[in-house]
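Given below, in the form of structure tokens, are the structures.
Shared chain: chain A. Partners: chain B in the first complex, chain C in the second.
Moving on to the complex of A and B:
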């Protein structure tokens, strides 16, 4: 088997392990939460379900089986990519999530793009320029230390209520996406821009940058053609973290902007103890995370030719 | 350099000074430097680290940096006043009219870009190639710089090329736009001697083709091969300048004399290295005064003015050396007591070591190597990089287990043991590394670095319970005073660090010290001091040395016997004089022939008189 295929298959095995771990943790976590699942399914603790109804529910969802059997059944379904039925929505978990995935993906992907673009621009403009750097660092620290929801609320107050540039709520089109994108992107951009700038500055200090200058290359050329690639390595390392932040931020931002999406589904499911939905989303998030990180590791090898020879 | 055609110099520098403003104040890196260089000539700027030679080179290319304040009375190149250039004009000049080759091609070529892209950069930047012909031009340039299989190499990355090929690629990129001036800053320092010779030949070819070469180096022997003129820098000033042959034959400045004397030679008697004092350049008076054996009160108080000294020569000294005052032949060292060759301390028998390459193939680093290291002997291990000498050293240190063969220490098994069984005897074999800075804990003081190696003490208590006396004694043995006890490694000079490393190696009273390139990171005058120290310690302490070096001259200074390694195998082993005078292996001959010598190159003919002067009398 060629090394790359061997590496990929190993990564795949690792991904499966991660999925199993995430699913197990979610399963255990939801079972540790106090409360009778049957009552949740019957409409919550306040609802007055008769013992017969509860019994019927337990029978139907297999809740009377020993926990080990329930776990085995759960894993068996998972292996067939069946995430189960929602307790409350009368829909398969897969269906629920798929329905909302588009909106969330648009939000997350847009925010990621915006975050990276902001970070790169800021870093390229301020690297090695002490005054610009000081100013930029101050702004970045503000962005990093302000929570998403607060940025969201500020943005809404200024741009929707006062200036009326963007709609306050709703899902209609790109206009409604702009403020959520910004709210999600700012904290990520703050961190990534610092890392990118540090990488750029380190690269600009290297002898090869001096050599490039000695060839008559312009400052822009040195930054874009030489230093940026070197700065990309630490940024790639942090990208995995940034995407995790993004997934967490989506939940908050969807709530603040009252948007449809997987985040909202999770919030509703956690509040309503809708175990299968929570578990399903956790497993999907883990899958997403694993795939993205595998992709990032592949990107490393594209950016740094020295990695291609390194042991896989 | 007939002097008959006083053509307008290509590069003229009068009274160049470069100051750097730092938080600690103004650093005067270059002071009052005047140089000139004609087309087709080579001017060598020689000095030790911190002498301002690299800063001078960079100032000529407008690359001294933003914190630099560059001033000069004349700074002209191709008839243009460089002092008035705008940043854009500088860019048009760099790479196009003047090329720049930096020292270490591994870091001077962008490791993330293909070699071809790097070579092509000047052509792209200056619009000298169309897209269609770019590849062809690059391949041609690489071939011209002596890169074989250029059409394959130009698609590779720097790390896939050997050091010599990388340096050639770097030179190819510097000459891509056919500049009239090539500035080469230590272009051969990191290279093996045979590769070094090839690169120097390449530069010589460019010089002969009419390119002016400004060669920056710390090594007079390297420079002798190529330079028509030499300027010697000390403390940011040109202390002596003149035609290469005349200057090398009879240096006038005491520093130039010391520098020349410090170059370990391959022939002639092994002489005691001069007892050089080490001190930083003085701020007032002559910068060399603190180290100069001829200095008097005037030297310490008043900066000498440059005075003419013979035809076309200048020296900045109140008391230039004449034959009577300074250029005496050096005394031979006290005769080495013939080491008692009775007992082998280390016995290496048929040792082989293989490593797994990244592409999963096996590479034999050490191939069936056998030798004995006798008590009190110094055995040199020479070879080029990749010859397996360092791996052999690591096997003797029992850091690596040999795949085949065995190592004995004092006749007892040393390889093939469990670490637990070896630990008690570990202190008998010590190591001195090339770069002691990385082998010291940067947070330790000098005292702690050495005390840690003292035998039979728990580490923390060593300082408190009389360990200090022993540490001070060890420092004394290596020529350092007790004032350094509280310093940290980062606050020491390169030579001081290496002395501390030697003191640490001596601390447990070892029988064997493995020296892995102990002086290759040092300036040549410091190198001479360290070599003298090692030779003295061997006489006095009677420790055996396994001395690894790529530098044959250095090995000759210290060792009794030498083993020459190539591709993991020992190709020749014998008494050092025998091997150097009548080498049997073809490889040894090639290695010896490639070593740069002061009496080679353009200066060769004129140096005959100098040899009489320096020879044994």
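Moving on to the complex of A and C:
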């Protein structure tokens, strides 16, 4: 088998392991909830469910089967991409998530682009320039230390309530996306720009930068053409982390700006203990996360030719 | 009371700090630099507010006219004034008092979950490094699975199972942080195990448990403590995020994240509601990060840039 195929099949196996792990964790979690699962589905201890209703619930969700059988049925359904049915929305989990996926993807993708663009610009402008660097470090430190829901609330206060440049809430169009994008992008950009700048400065100290300079390359050309590629490696490594932060941020920022999306669905599901929805989103997010991380690792091989020869 | 508290938190580093100082006595300035000092002072302030909010109340008697949960609808949504330096919220509660009393759950979640995650991660990582091939491999694959999906999802899953609340938020964040610590501890433990002094101890015939307690654990934990300090900020933000989503401490108890969630609905009426709890979170996180970086710089025996 060629090395790339072997590497990919190993990654695929790891992805499957992760999915199985996530599903198992979610299943175990569901069973750890104190009390009778049928009662939980009926709406908790406070809800007055008659024994007949509880019986019907047990019948419908297969709660009378031994736990091992329930687990097997659960995994079997997952394998057929059936995430089950929401306890509260009377709708399939896949349907609920699909409905909201567009809004969340637009939010996350825009914020990721903005975050990377901000980080790259800042790093390229300040690398190797002590005064600019000191200023930018201070700004980055503030951005990293600020939770994105506070950034969101401050942006709302200033730009929506006082200046009235952007709508206070709502999902219509790009205008409603600008502030959420900024709130999500700033903390990520802070970390990424620090790492990019460190990488750039290390690259600019290398002999090849001197060689390029001695051949008469301009400062901009050295930075963009020669140093940036070297700085890209640690940034790629951090991208997986940034992605996780982004997903976490989406949940919070959707709440701040009262936007529809997967984050809102999850928060409502956690509050209402709607386990099929929580489980479904956890498994789907684990899948996305694994796939994107595999893609990032593939990118490594594009950016750094040395990785292609290295033992995988 | 505060002085012994800070001294107690500083002791574990002392050996490392002293060793670092011995290594580079010439390069180290004796006078503490102003920014870390300021950060430490602020953190002590927050710590006192968390431990003894009542003491705070009596110190600033002029500013502190009512408790954090005293409702006064007649004075709702006022800006900063003589009796209410940070203004009042939608129920007329004093925002200054609520920010002071909100320090406890925030620090509890930040410090508590980091400590618990550090302890659990240490055991997990040591087991993975020293527990033999099968146990080690199994422990690391479990960590891989945990680390393969974003920590917020882990925390949400835990809260979905346990229900909302301060203690449950601590558990949730502990579980989401522990695998990261485990991975770091494992690497560090493998390095220490292969070091000459451990091999020498083995050759001298010391019993394994003694080598573990006297040589491996101390050398693994010192750098871990610094990493843990740097992690406290992350944990505080995670805790505040959970409570912003309504999954942390329950009302009417004040907490910075949930205060901001309530302020969200009154932004057009009073801007001060949005500013002070958020500033409290950010400044606390900043001070912890500065302290962590300073400790790291000292431990590594060089000046922080």
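Keep in mind that, in the parts below, the second predicted complex is superposed on the first by the 304 of 312 C-alpha atoms of A that agree within 3 Å, B and C clash if a C-alpha of one lies under 4 Å from a C-alpha of the other, contacts with A are read in each partner's own complex, and residues count from 1 in each chain.
Here is the rule we use: a residue touches a chain if its C-beta (ideal position, glycine included) is under 8 Å from a C-beta of that chain, and two chains touch if they have at least 3 such contacts.
Fair warning: this is a prediction, and the values are worked out from it, not measured in the lab.
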Fit or clash between chain C and chain B when superposed on chain A: fit
Touched partner set for A:116, first chain B, second chain C, both or neither: neither
Partner chain in contact with A:181 - chain B first, chain C second, else both or neither: neither
Partner chain(s) touched by A:215 [first = chain B, second = chain C, both, neither]: first
Vertex chain A, arms to chain B and chain C (CA centres, degrees, nearest 10): 80
Touched partner set for A:166, first chain B, second chain C, both or neither: neither
Which superposed partner A:74 touches (first chain B, second chain C, both, neither): neither
Per-residue touch tally on chain A - higher for chain B or for chain C: C
Minimal inter-chain CA distance - chain C and chain B, angstrom: 6
Chain A positions touched by chain B in one structure and by chain C in the second: none
Sites on chain A touched by chain C in the complex: 14, 17-18, 21-22, 25-26, 29-30, 32-33, 141-142, 144-147, 149-150, 153-154, 156-157, 160-162, 243-245, 247-248, 251-252, 255-256, 266-267, 269-271, 273, 275, 278, 281-282, 285-286, 289-290, 293
Contact set on chain C toward chain A in their complex: 141-142, 144-146, 148-153, 156-161, 163-164, 233, 237-238, 240-241, 244-247, 257, 260-261, 263-264, 267-268, 271, 274-275, 278, 281-282, 285-286, 289
Sites on chain B touched by chain A in the complex: 61, 63, 91-96, 99-100, 102-104, 107-113, 118, 121-122, 125-126, 157, 159, 170, 173-174, 176, 358-360
Residues of chain A defined as touching chain B within the complex: 3, 206-208, 210-218, 221, 225-226, 229-230, 303-306, 309-311
